[in-house]
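Residue numbering begins at 1 within each chain, and the chains themselves are lettered A, B and C in the order written.
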């Protein structure tokens, strides 16, 4: 499926341009962080890549994969976890059942993944009574269980405390180690440094930089990136 | 989703409801019955509760009475929604038969009308046997009077008497003459509440429990005679009419046996 | 008024004595309204779910119409169904006028819009929360709708209870299409109307007490469901 190619992708809501002509090529391998200030359009860009929105101009192209296939081989974790009103185990099994696996397979795979993310004690509990951190771990488990080629994460720890954030970051690394491509947004510089291999820097709907992480932090090419790294508010 | 207790409960309720529907329709389908259109005064007097079980036991035919105003009951007959019509408006009934909707009109027992009023009797008519004179006095005294005002048989009879008395009750509309636009029972309720005079059939009055301060003030005048008529709805106009069962009901009501049952009720109710 | 007190005690005696006629009337009321709400749910719930998740031209108009139909006056529904089922009407040959079947149909017509409109609202609210996640997981429209129905099951249950309460409490529709026939189509509400107009207040009050108790129980049940659901499932 990778590389993912964005060709002059734009997205406008009414008269406002939220994404403005982004062209990029995202390869398999490195953990990609989409970085930028709030309101830059990171979340919208993620949804365009994942196919939840359609671009109003330009195109999103996956390499060699047919349309139906594409969705099934990706997964996404949102900033706020959306849990179904059923047990933790049932939540993880939901996605697997949609993919057509047998009940037995679903259950086994789900139990495995829940074990890895540390929720083995909670499989029978109602998902919605779990804590924020536990729910986000559950969301990751649910996504990972599907065995996707690409995992999108939209500010996954923005609402979590440091301990939970740490857990989540470990799980993300584990998923990466198992061969899944990670594409994640964050506005947290520290997190970007911990988890990123390459940076796509977005500001005002435009792609300003696409560089490996070390070069980005040492020598940002754009003034906006420089300001962002220094923690200043971006000027329009 | 697993077969949770909730699903089981839901299934049970569904099953019960459908069972109820089917069972209801089964029981009803197997029961022989006829539909009789009659008036609320007749039902409220309790006559049907008294006489129908006798007929049902004798013939096994269930008699289902739909009680409305006379006009509605006759309309039901015209539409073919009833098998038999049993009301008390001779003029309207004769027209019903003349128009071809009824086979033949048979006269049944009579129920008479009475005038009820407050014990205090502001128009000073208590004990009179002259209804027309009583009406004149009520109009002169402008004493409160509750009328059904619903174009029923009773209402028609009331208006005829006002006409005979030479009074136009419309002149008192909104002051002493109050039209309730409803059935006999509700009108009596209103009269009791307002301490007003009211024109009612004896049958309803006898079984009416909410009398307040009201008593019978005028009765026995020949002009208060209230004749009932029973008619089979014409099967020539509506092929589905249950003419055999309907006819057996009509026959029973006008037979000496049926008449005795009805007469017994009146005597019993008089107490 | 003294008669109110007397009527209440007489009513109480009737209830305590488990009067057979009273039981028959109550039983019929429950059967009719229960059957009606089952039919209304089978029709209204899928309709509400479909409108909630689909986007089509005239959708807003349909929603407004559905909400307006919630306020259908029962007596008007009764009149319309009567005209349909009367021998002089299009469905007269069915011969079900003045039977419990006609009453069930009239009440079903009355409460289907309620169930459809309220479930539409509930499912749409849930859909707003779940939409992206469900699409991300690969759920198509119908699967998503069914998932939403299951997830909102507790709210939907209270909607069904509300529909049942409305059916059990109405008198206009069942009076007209049922004819209030003694022993056949007399239900609690029509019996109360009749007994009141006859001035037989104790019986009317007795029935009234049963009816109010039913309504209170339904509401209590709905509250309990909400509580339990929140605590157990979040």
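Quick notes on this structure:
One rule holds for everything that comes next: contacts are C-beta pairs under 8 Å (C-beta built on N, C-alpha and C of every residue); 3 or more make two chains touch, one makes a residue touch a chain.
Remember, it's a predicted structure, so these values are computed and weren't measured experimentally.
Set against the C-alpha centre of chain B, every other chain centre is closer than that of A.
In this view the innermost chain, defined by its CA centroid being closest to the centroid of all protein CA atoms, is C. Here the largest set of C-beta contact pairs joins the chains B-C.
Computed centre separation for the pair chain B/chain C is 31 angstrom, with centres defined by C-alpha atoms.
Annotation: 77 Å between the Cα-based centres of chain A and chain B.
Chain C has its Cα centroid 46 Å from the Cα centroid of chain A. Under the contact definition stated at the top, the residues of chain C that touch 2 or more other chains are 150, 153.
Per the touch definition, chain B reaches chain C in the complex via residues 1, 6, 13-14, 16-18, 20-21, 24-25, 28, 35, 40, 43-44, 48-49, 62, 64-67, 78-81, 182-186, 188-189, 192, 207-211, 238, 240. Of all residues in chain A, only 47, 50, 52, 71-72, 75-76, 78, 82-86, 94-95, 98-99, 126-129, 142, 146 touch chain C in the complex they form.
Chain C meets chain A in the complex at residues 129-130, 132-133, 135-139, 143, 147, 150-153, 232-234. Interface residues of chain C facing chain B in the complex, by the touch rule stated above, are 3, 31, 34-35, 38, 86-88, 92-93, 95, 97-101, 104, 150, 153, 179-182, 184, 194, 196-201.
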